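Two complexes, one shared chain (subunit A), two partners (subunit B, subunit C).
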Partner chain A sequence: MIAEKTNTAQVIIDKISSTSSKVNFIDNDKLSKALLYLENKGIPTNKHEEYKYCNVDGIFKKEFKNIEQKLNSVTDINKYKLNNALTIVVVNGNYSEKLSDKLILKGLHLNAFSNLDNDGKNLIGTLANVESDAFVALNTAFCGDGFHLKIADNEQLQMPIHILYVSSASAESLVNPRNIIELGKNSEATIIEEQINIGDSKVFTNFLSEKFIGENAKLNSYTFQNEGNNGYSVNTNNITLGRYAKYDNTTITLSGTLVRNNHQVVLAAQNCEAHLNGFFSTKSNQLVDNHTLMDHQMPNCESNELYKGIVNDKSTGVFNGKIFVRRDAQKTNAYQSSKNILLSDDATINTKPQLEIYADDVKCSHGTSTGKIDEAAVFYLNARGIGRESAKKLLLNAFAQEVINKIEVEELKEKILNLFENEL
Partner chain B sequence: MISIKNLHASIGEKEILRGINLEIKAGEIHAVMGPNGSGKSTLASVLAGRTDYEVTQGEVIFNGKNLLDLSPEDRAREGLFLAFQYPVEIPGVSNINFLKTAVNEIRAYKGQEDMPAKDFLALVKEKQKLVELDGKLANRSVNEGFSGGEKKRNEIFQMAMLNPKLAILDETDSGLDIDALRIVASGVNALKSKDNAYIVITHYQRLLDYIVPDFVHILYNGKIVKSGGKELALELEAKGYDEIKEKFESLES
Partner chain C sequence: MANEILEEHINSEYKWGFTTDIETDTFAPGLNEQVVTALSKKKNEPDWLLEFRLKAFRHWQTLPEPNNWAHLTYPKINYQDISYYSAPKIKPELKSLDEVDPEILKTFEKLGISLEEQKRLTGVQSNIAVDAVFDSVSVKTTFRETLSEKGIIFCSFSEAVQEFPELIKKYMGTVVPYTDNYFAALNSAVYSDGSFCYIPKGVRCPMELSTYFRINATGTGQFERTLIVADEGSYVSYLEGCTAPQRDENQLHAAIVEIITHKNAEVKYSTVQNWYPGDKNGKGGIFNFVTKRGICLEDNSKISWTQVETGSAITWKYPSVILKGNNSVGEFYSVALTNNMQEADTGTKMIHIGKNTRSTIISKGISAGKSNNSYRGLVQIRKGATNARNFSQCDSLLMGDKCGAHTFPYIEIKDKTAIVEHEATTSKIGEDQLFYCKQRGIDNEKAIGLIVNGYCKEVLNKLPMEFAVEAQKLLAVSLEGSVG
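Coming up: the complex of A and B.
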């Protein structure tokens, strides 16, 4: 077993090392730790507790036997742009200045990793621990020329930033986008991160983002994942919050053969607040696995999670929500809820709340429900002349909208609603 | 309008309707009464097409069509309406969106185009007024968090919007305060015409003071055991079901 695990990681290391140039923005210490970790631990199989329902090793062995790294260049992304947002484009893991908008907004600074000064470089890997997870290690070893985005203190961005992660390949490939986003104190920003695959070949995206939300800053964050059948991804978000900071994320997953999200929020100072919302809709043999962690380290913080999924055919949805309430985190409020609809007898949902509470004065609760479509409601609609298909649409739409309506960027919300409705 | 002949229906092994016969003509109002558990709601559900029940015998002709062959939505599109005893809450689906879908699917079935939004909104306004339904309720999710009485009023509002040929009101009076009862009843009376018909399921004479039936039927143990004019309801109110129960229990044993 161990030998086999090492095998997949080794194959990847060999393939990537031989096709891409050596990275120069991760310090050597982290780099060697990452490689060592990969060699020792390998890519997780379903024997790994955290990847029980998400056998990435198996997927690599089956779907990425011949990683060739035949990456395409991309010249036109106009149709993916939003009208009222600044677009930042990352192609196959590398920031593209050419495709990105000029970042003319006051208080906004962007540097590609390759242009970072030492202070900037030192931030890389401060939230994502290379020795915590194989995909963090893999990304650390091979990440593309990502970017560091900084919103200056006291600046409220007047326009959303739309970061498009475009992957495109003509043979099986692995890409490792990475970024650092920093919100200075009292700043506010809306950031949309969208993942698409526009090539005609399978791409495994191993995404990693570290986000620092400063004191009294607010980040409205939206993640939209729609990579289609050729999309396979593990997405790691490591967030840390300062005092009175606020982080809201809504993650919508409409397609992708494998989508694993590791969303980890550290409520690292008093009076901060985090909300994670997720909606996914899966079909055929897709797997969407949302793993969240709310790490309450300090008193008087609040966290709230709502994850909903609709699973059809032979697909699988997973929600694993960990909440840590550390000893010092008195007066914590932490809520979590996961609701799912199974549309087929062959579809699967696995939900697991994991509450670990070490403080005594806290309010924590979680709830999960999984069921079929509400037949009493379908009949009620039928009895008003609404056919079965439209009745289902109405009900599934209503179910999804509880999450989708949290998107405050109207244009994005409409786009997602339309895509979702057309798929029904 | 509708002709029900020897209708038998079961749920699992249990036979609940055991040979119902009922003829209803356009312009008529029929009241159906009977003790709890006698099968009144089952009859309503079977007519509306709920699939939990299996029809084991009998036939129902609705405006020349074999009703039991139609899907629930086609029954509604043909003009059958059931005001539910327990209206279902549908979180996230707004009343308005729901009704618009219903109106337009019924129109599509008849080969008509969607109702223009303006006409639809005008219709909503008009019918809301008829049942004195608070305009705010129309924008809320279907029945979600509605009080018992609001749910019943919403049923009648929907009926007014869809303008059915045959409406079955299953205990629409239960849970209504006196004013609401009068409002609902006057709504029904306003919608009543020589071209439509009503089946009014109720336990109380109170409603029948407002909606005066042409016929009253007593359902007991899955059968209509007695039919008469509006005076039958008064008689029941005075005497209760004891006499009927005794008579038919001895008859059956």
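Coming up: the complex of A and C.
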């Protein structure tokens, strides 16, 4: 069994070691720890409690038998740009200065990892522990030339930043984009992260982001995942919040054969708050797995989660959320809600909402419900002259909009709503 | 303020911690094929049963120790240090209570299940038939004759093996196979006794049936099996209670309970689990690793589990229902209370296979002292389980800031017509609630009892009357002074 596990990881290491160039921004200690972890623990199978409903090892064995790392260069991404945002482009894991907009906003600093000074380099891997997860280890061992984005203290960015992760390959490939986003105290920013696959081959994206949100800073973050059938991804987001800081994230997943989101928020100082929202719609044999952890370490913090999903055909939707309230985190308010609709007989929903609580003066609750389209509501609309199919579309749309409407960037919201409605 | 008042009272002692001085026939510690064979010989078992035990034992040997997926921490158990058989030295055939060792009778009287009194009260309507299991063997089953008039079989497992081998052979291990898990394999190899109950077609059992488990001897483990079969259209309400002496050592209890319901049958199984929980510093106490599972084999049948868990140092227990028959119903009502250093990881599994199956889960966890209390449950709707319905509610109450309360529900749905809901909350006893009671002349301790009982009402209401009273008292005692 162990040998089996090591096998997948070893195959990956062998296949990509030869093509990836040695990087100078990950220190040797972390690098060797990462490789050791991978060799010992391997890529998780469904025997791993955290990957019970997401057998990545199995998917690797089946879908990525021949990793060839034939990555394409990308020259034009204009049609994916938003009109009213600054675009940062990452191609196959590497920051592309050429394709990115000139960063002319005041208080905004960007450095490719390869240009970082020592302080910057030391930040890499401070939130994502190499020995906590196979994909953190994999990314640490083979990450591309990502970037460090910093918003200076007291700056409020007037324009959203649109980070476009483009992957393109002509044979099975694995890419490891990585970034660090730092918000100085009292700053505010809106960041959109979008993943697309524009090549004609399968790409496994192992994304990792570390976000530091300083005192009284506010980050509005949107994640839009629409990689199509060739898209396979594990996305790790590690966030830490300072005093009075606020983090809002809305993650929309409309396609991708495998999408696993590991979203970990550490409420590391008093009076901070975090909100995670998610919506996914799956078809054919897709698997979308939202895995969240709200780590309440300090008193008087608040967290909220709302995840909704519609699953169709033979697809699977997973929600695994944990609210972790530590001994000192008194007066915590934490809520979690997961709602799902099954549209087909072969679709599956697995949910695992968890509470792990060590402080007594807290208000924590979670709720989850799974069901079909409300027939009474369909009838209500039928009675008003709306046909069955239209009624269903209307209801599903309303179900999705509870989450999609949380997006405050109009252009993005419209784009997502249109895409979703066309799919229905 | 409330914290201090509550902490003052944590010192309540375990009231069932005495030992009984009787002669016992005990195996030397150790576990190997010879022990398993000797055990089987001792019980004069047929070959097929010995074969079953040996198969289970061989399988157990291949299993790795359970890795710690449960939210529990306990020292490694040395299975060679345990004696696998301990029985009071009694005559093999007992016709009346007079022949039972008076010391044992006294023990059961102290526990509040006076067999003597039961006997005297024969004929009174609200009777309970008791099968008392002392260490490894069943010492006495009351009301056997009365029950047999209705065709109900209620006897110790060993007797059933001798007298009704065909029934045992047909049903034993069908719900919990010996391959199920580590402790189930161990139990299947070395179980010493237990209860067997068969309710024939169309019979409504006129009285509550009860098993009382008592660990007395030192250095032993208790491994019993309960098998309940409810034939077509029958009904039975079954109670289980347990206590153990106060000792510094940890004793292992690994039981199996299997329930099978046929068409239109219903079994209601209630447990008040009060094994010795260990002292304030976590010394001693029972390790309770129990596999309980029922199967609604045929249409319109129902299995209902109700449990009040206040004892044991470690509780690992997931009474489950496999809803195979169409329109079958599964229920799980649980109150789990942990205090001091106790740890509980308990919950249920509801496996929906048949059409129009329904399940309800109500779990109330209370943690006090430095304890950890987890709900772990699975609701699985298999493909083809059309119109399955589940509702789960898991509430936790924390008393003090040194304990932990956790909820780990697993929900797996593969049918689009299913409707599954789960909700969980965590709360504490508020100062305002205590103040309200105080204003009305109710002292803190009583107020806490009142609030906790109110919090558990939904579950306690499901217990048979006699048990409900006992459970309420038990909650109050177990909680003395622990609220924060």
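One rule holds in what follows: the second predicted complex is superposed on the first by the 424 of 424 C-alpha atoms of A that agree within 3 Å, B and C clash if a C-alpha of one lies under 4 Å from a C-alpha of the other, contacts with A are read in each partner's own complex, and residues count from 1 in each chain.
Throughout what follows, a residue touches a chain if its C-beta (ideal position, glycine included) is under 8 Å from a C-beta of that chain, and two chains touch if they have at least 3 such contacts.
What you are looking at is a predicted structure, and each value in this text was computed from that prediction instead of being measured.
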With subunit A superposed, do subunit B and subunit C clash or fit? fit
Should A:Q330 be classified as contacting the first partner (subunit B), the second (subunit C), both, or neither? second
For A:D76 in the superposed arrangement: first (subunit B), second (subunit C), both or neither? neither
With both complexes superposed on chain A, which partner does A:I357 reach: first (subunit B), second (subunit C), both or neither? second
If we overlay the two complexes on their shared chain A, which of subunit B and subunit C does A:L394 touch? Say first, second, both or neither. first
For A:A377 in the superposed arrangement: first (subunit B), second (subunit C), both or neither? first
Of subunit B and subunit C, the chain that contacts the larger number of subunit A residues: C
Taking the superposition as given, does A:G385 touch the first partner, subunit B, the second, subunit C, both, or neither? first
Between subunit B and subunit C, what opening angle does the Cα centre of subunit A see in the overlaid model, nearest 10 degrees? 70
Pick out the closest CA atoms of subunit B and subunit C after fitting on chain A and give their distance in Å. 14
Spell out the part of subunit B that touches subunit A in their complex, as residue ranges. 48-51, 71-73, 75-77, 81-82, 84, 87-88, 90-93, 97-99, 101-102, 105-106, 109, 141-142, 158, 162
For the complex, give me every residue of subunit C touching subunit A. 69, 71, 383, 396, 398-428, 484
Touching subunit B in the complex: which residues of subunit A? 374, 376-377, 379-388, 390-391, 394-395, 397-399, 401-402
Can you tell me which positions in subunit A touch subunit C when the two form their complex? 49, 52-53, 327, 330, 340, 342-372
